[in-house]
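The next part holds the structures, each set out as structure tokens.
Below are two complexes that have chain A in common, paired first with chain B and then with chain C.
Now for the complex of A and B:
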């Protein structure tokens, strides 16, 4: 089960993920991210604070979306990962290609800078 | 990753298997004569065991012969699957032989009789000769395996050791049955020993079934390997433009991975080919037994 809460403020979109990002829920997130990119979102912060678990299917969504962001000029920042989720990002080498911050404020600040 | 077999490796493997087949054919002939000329459960079990070895080695020889002769630019689709189907067939044959051995042993336990006939002497001579041949091949292969650090040769040497132990076991069983003939209970040695040979066939059949069935059924790639694919794609993040799809499956020891990537249209064909080859190579090196295909996508494929 995954819940995606969305809030918008001007150019910035913040997504709050709650639950588990697995093979069942990953397509839902993929669809939502594609819609947001299509709507011309310029900056996006994804808050992982309430995400309990992520598997490869979820990582794949972020890898493909990171590419899409680079191509279409969307600025992306991820934040508030729980240690277990951060560990998965780290062993996958995603910490090298994605901007990850401990707090939402820092993530938003990085998008504004 | 294992190094590919060269043409000369394949030919020498074919010759080695053919020699093994001829040896097994000769052994089957002798064991058949011994069985007909004697009344013994052990000899019946030995006959089935030898026959199964002959069938297995003949099928291996036919398969490798077909692969070597089939090098006519036509890709042999499904050869791997055929090999596993053949193993399943051998496994089924083993089960039938096992049933016959058990039924015969039970009959001889219920109605015990002493083993007799000239076939016993033929079999004793056969076991002595083959015990020496297998001991020689075991030592030779073990020496070569140690010199070359080859797991294949190591497995081969263990096979000959197992065969030698089998020969000694049958020899002991026949020898004890003959030597202890004056005792009534000695008539149970023969069926009991045949049941032990049956147990060894059962273990081999179970191993074949589990390996072949697992190899014939495709299943999802383990999560750890899926993470490895993503890690390698992240490592090559700047080499491609978009990630479209990743499809992967495991079939036995083989892993098939298809990745659809989009590259910068401004890049030259040579650059794209090199980038795709680098990604493919790094994943294949990271995941043992994997075969990676990088498909080229356009923005329209998204």
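Now for the complex of A and C:
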């Protein structure tokens, strides 16, 4: 199960993920991100605070989306990962290519700088 | 040894996951290890669905058992063509974003999360054994 809560403020979109990002739920997130990018979202923060687990299918979604953001000028920041989720990003080397912050405030601030 | 056999399809993931996490909890495993075991199980099962059977249907089997040294072990079996996931090329985890690819990440995670991994082909089956050490208290 994955729940995606969305809030928007001017050009900033914040997504809050709850549950599990696995092979079954990854396509839902992929679709939501594609829709947001298509809507001309300029800045996006993804809050992982309530995400219990991520597998490679979920990493795949973020890798593809980060590439799309780079091309289309969308600024992306991730935040509040639980230790096991952060470990998955770290082992995969994704902590080197994605902006990841401990708090939502820091993530949002990074998008303004 | 407790065994669960189900069709090798994404819809079976949840039941396999429940089966394994219950066995892990019964064995007194540290609850911090459970997410790692779930990740390993799911990566291997999705690999099986994608590689072992591709478009055709088949079954996968998961067994849970303790090893003599106290490790908690999973054994995953399928009847697809020979496929050794441990021989997949390692992903380049240091490449810049533009050049980064996702192939092989799943098995890379499995190798990092598990304490022991072993593949063998036997009687027309792919058999992958994965063990987790109980963390020292």
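Note that in this section the second predicted complex is superposed on the first by the 113 of 113 C-alpha atoms of A that agree within 3 Å, B and C clash if a C-alpha of one lies under 4 Å from a C-alpha of the other, contacts with A are read in each partner's own complex, and residues count from 1 in each chain.
Here, a contact is a pair of C-beta atoms (placed from the backbone, for glycine too) under 8 Å apart; a residue touches a chain by one contact, two chains touch by 3 or more.
Note that this is a predicted model, so its numbers are computed, not measured.
Enquirer: Put chain B and chain C onto chain A via the superposition and say whether they clash or fit.
Expert: clash
Enquirer: For A:68, using the defined touch cut-off, is the partner it touches chain B, chain C, both, or neither? Pick first, second, both or neither.
Expert: A:68 sits against chain B, while chain C stays out of touch.
Enquirer: Let me test your reading of the model: by the given contact rule, A:38 touches which partner, first (chain B), second (chain C), both or neither?
Expert: Neither partner.
Enquirer: A:84 contacts which: chain B (first), chain C (second), both, neither?
Expert: The answer is second: A:84 touches chain C but not chain B.
Enquirer: Is A:27 touching the first partner chain B, the second partner chain C, both, or neither of them?
Expert: neither
Enquirer: First (chain B), second (chain C), both or neither: which does A:97 touch?
Expert: It touches chain B and chain C both.
Enquirer: Just chain B (first), just chain C (second), both, or neither: which does A:56 touch?
Expert: both
Enquirer: Identify the overlap between the chain B-contacting and the chain C-contacting residues of chain A.
Expert: Looking at chain A, the two contact sets intersect at 55-57, 59-60, 63-64, 66-67, 88, 91-93, 96-97.
Enquirer: In the complex, go through chain C and note every residue touching chain A.
Expert: 10, 13-14, 32, 35-36, 38-39, 42-43, 46, 91, 93-98, 100, 102, 105-106, 108-109, 112-113
Enquirer: Which part of chain B faces chain A closely enough to touch in the complex?
Expert: Those residues of chain B that touch chain A are 223, 226-227, 229-231, 233-235, 237, 240-244, 246.
Enquirer: Of all residues in chain A, which touch chain C in the complex?
Expert: Chain A reaches chain C through residues 22-24, 52-53, 55-57, 59-60, 63-64, 66-67, 70, 84, 88, 91-93, 96-97.
Enquirer: What part of chain A is in contact with chain B in the complex they form?
Expert: Going through chain A, the ones touching chain B are 55-57, 59-60, 63-64, 66-68, 71, 88, 91-94, 96-97.
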